[in-house]
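Listed after this line are the structures, all set down as structure tokens.
Okay, so chain A shows up in both of these, paired with chain B first and chain C after.
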Partner chain A sequence: MSSDLSSALCSAASAGLIELRTWIAAKARDLPPEGLTDDLPLLAGRHLTSLHLPELILLLERLRREAIDVDGLQAGDFQDIRTIAARFLPVAAPSGNGATQ
Partner chain B sequence: MIADPSAAGDRGPVDLGAVGLTWQPSGQVVLAGPLQRLFGDCDRGFTVLAAACDAEPEEHPAMIDARALQAVDYLTSFPHLATFPISLEASKTNLAGFVADGPMDPTGAVRLAATAPVRQVLTPAACYHAYVHHSGETLAAPRYLTFRNTCFRREEYYEPLRRQWTFRMREIICLGTRVEVVAFLARTRAAVDALLHELDLPVSWDMATDPFFQPARNPLYLAQRLQPSKHEATFGDLAIASVNLHEDHFGAAFGITRDDRPAVSGCVAFGLERWLFALTARHGADPANWPDVTAAAGRAAAATAAAPAAGAAAGQTAEGAW
Partner chain C sequence: MNPGSATTSAPAPPSLREAIAAMSDTVERLSELSRAKYANPYTAVDWPEAVDPEASWLFAPELSTLYGTPYWDGLDDAGRHRLAFAEASNFFSLNIHGEKSLMEGLAARLYRPDLIEIADYLHHFLDEENKHSVYFGGFCQRYAKIYRSRHVAFGARPDRRVDDLLFFAKVLIFEEHADRYNVLQSKDDRLHPLARFINGAHHADESRHLVFNRAIVQAFWDAYSPGWDDAKLTEIRAYLGQFFATTWHEYYNPDVYADAGLANSWQVAEDAWNAREQRAHRRRISTKCLRFFTASGILPEGPADVF
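What follows is the complex of A and B.
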């Protein structure tokens, strides 16, 4: 892979991760004082609920340009931003504990 | 310790006609004699477990308001399971036409005339009534309830005691904070485990999802996959009990609050006919070999009460511990 292509993919992945964080920050409720972090438990903490899931899946499908097979979803796949990114935006998984707000 | 669940797999159904089972191919059973007594014994056993939770008994009707069910998206999530009570439009002309045409066709189907608007659904699960009945309540403490109802679910096929159009379901529910409900589910699951051990019924506890219509974009189905909220006690391939955490799905829909937030709810459900299947598959068709379920439940409740800390603490600290 050329360095230009690799750079472009990383840039797109980073943009996807930023859009994911922004979307979740806009939808999440009852955030802790430290705000939304990449390891905040989204469903277990009830920050996101079932009503958010179809729209979140559509967002991920748009970001990865590929459909998600919902029958392949596993418990914990949407645990937190880090897990979602690693599972659905593989090259965009955050390495640190980035806070978005 | 529950025995190896695989041991249940090779036990097929036994012939129960001699002990009181009559099967109606429409998906219903008549129970009489020893099997009817075992049915009563099972339900008394479950009420012993309910009493150990200080659950208040309630009796609910056979039909539930369709608007209330749809408030939690039942009819869009499970239209294939719903059964509706219908009646004829009440004008004399319509009724006279119904009679004059002959009410039955040669296949045994009713020749319906015009029907009245359908505003009720035959109970699909026992606990829906409770959330409707307690709607708008502000809870000062967790509330525990128990009830049994005849439930109706349209299925693609039916099997005696295993999959029926009408069947009986006993439930124990808790309304409270999330910590209170998760602790209740952990305690009650431990009591069910103890009962299964007493009855020598081998099961496995499996994560499960409800049979949603068009599940791929149903938020509730997605949530059940991603954040498991339903666990079933499976005898062979048959779920005989389930433990369910609803989060605040019902509390929010019906305005039930606890600690100034929508109440969380959870339920433990027992399919009574399926317990008859499991008990007779395990112990045979001779009533002399059937266990005393009520006595077993008493021992199970006592054993669970004597060691409450593990279950309750696990429920409070660990997701999925129940």
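What follows is the complex of A and C.
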């Protein structure tokens, strides 16, 4: 892979991760004082509900430009931002703590 | 409060039994109407051998999710017809998915002791929803396809009272929206007779369901909400606000745009969702529904990120 292409992919992946964090920050309820982090438990902490997932799946499909097989999904796939990114946006998975606020 | 005090106080909220008893006349009338209008979905419609997506409108163009956007302007007449055909299939598909969940919820509440007074009507409701799915499935399987749902459900809500309210409130929102489409399309002479029939048949039953939905949601709200604290009420309102977003997003299906030949269909869906004309369209369709929720006090206002 050329360095230009690699750089472009990294840039797109980073933009995707930012959009994912922004979407969740806008939708999540009752965030802790430290704000939204990449390892905050989203469903277990009741910050998001199952009702958010169709919209989140649409966002993820748009970011990765590929359909998601909904029948194969489990609650653990949406545990936190790090898991979501690793599961659905592999090249965008965050490596740090990823505090967004 | 001092029991001997002469000061006035708010009347005690009704029990669920009292709230449901208050709607018993309505439920009885609806049941009589359902019996009088009992239909056989296997004989009520003559399915044509084929429908030509480019020759007939199967969905009103003004109800297309791309109407009023540059994408619509960029389509030729055949392209608009193909899009409308795919939108019709999506509309019928989302009704199939919605009615599956609805039938599950109705069946789970059938003959529940505290809801025994409405058991007769729940039978009609279930029967009629099943018949609607025969129509929708009949169309999609004969001429098109059933579009996938992106709904996933994890876990159950532990509080049955909240679950009851939210279940029927979601049914109300879903059916009020679909019914607006049904009413408009059943009277639209431009549409293929089959599309007009399916929309009209759905509306004929839904008009009763809408009356029931409003009455049962009001009954649950009147009986339960006085006992809920601010945190619970905020949670319920946020959930219903999100349901408006979720149910409306189903209309903007990237799979439809891909089938209509549009490139980058996910971006098309995002652009259409954000288009000013489409926001106005959603508000128009949701108006009656929102009026019920705000007038009853269930929602203080409509969800801002939808309209």
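Heads up, the rule we're going with is that the second predicted complex is superposed on the first by the 100 of 101 C-alpha atoms of A that agree within 3 Å, B and C clash if a C-alpha of one lies under 4 Å from a C-alpha of the other, contacts with A are read in each partner's own complex, and residues count from 1 in each chain.
The working rule: a contact is a pair of C-beta atoms (placed from the backbone, for glycine too) under 8 Å apart; a residue touches a chain by one contact, two chains touch by 3 or more.
If you're wondering where the values come from, they're calculated on a predicted model, not measured in any experiment.
Asks: Putting chain B and chain C onto chain A via the overlay, clash or fit?
Replies: They clash: once the shared chain is superposed, the two partners overlap in space.
Asks: Tell me which partner A:70 touches in the superposition: chain B (first), chain C (second), both or neither.
Replies: both
Asks: Touch check for A:51: first (chain B), second (chain C), both, or neither?
Replies: It touches chain B and chain C both.
Asks: State whether A:62 touches chain B only (first), chain C only (second), both chains, or neither.
Replies: A:62 sits against chain C, while chain B stays out of touch.
Asks: With the touch criterion stated at the top, can you tell me which chain A residues are shared between the chain B interface and the chain C interface?
Replies: Overlap of chain B and chain C footprints on chain A: residues 43, 49-54, 57, 70, 73-75.
Asks: So in the complex, the part of chain C that touches chain A is made up of which residues?
Replies: Answer in residue numbers: 148-155, 235, 238-239, 242-243, 245-246, 249-250, 254-255, 264, 266-267, 269-270, 305.
Asks: Which residues, counting only chain A, touch chain C once they are in their complex?
Replies: Contacts found on chain A: 26-27, 29, 43, 49-55, 57-58, 61-62, 65, 67-68, 70, 73-75.
Asks: Mind pulling up the chain A residues that touch chain B in the complex?
Replies: 43-44, 46, 49-54, 57, 70-71, 73-78
Asks: Using the touch rule from the top, collect the residues of chain B that touch chain A in their complex.
Replies: Counting only chain B, the residues touching chain A are 178, 207, 215-217, 219-223, 225-228, 247-249, 319.
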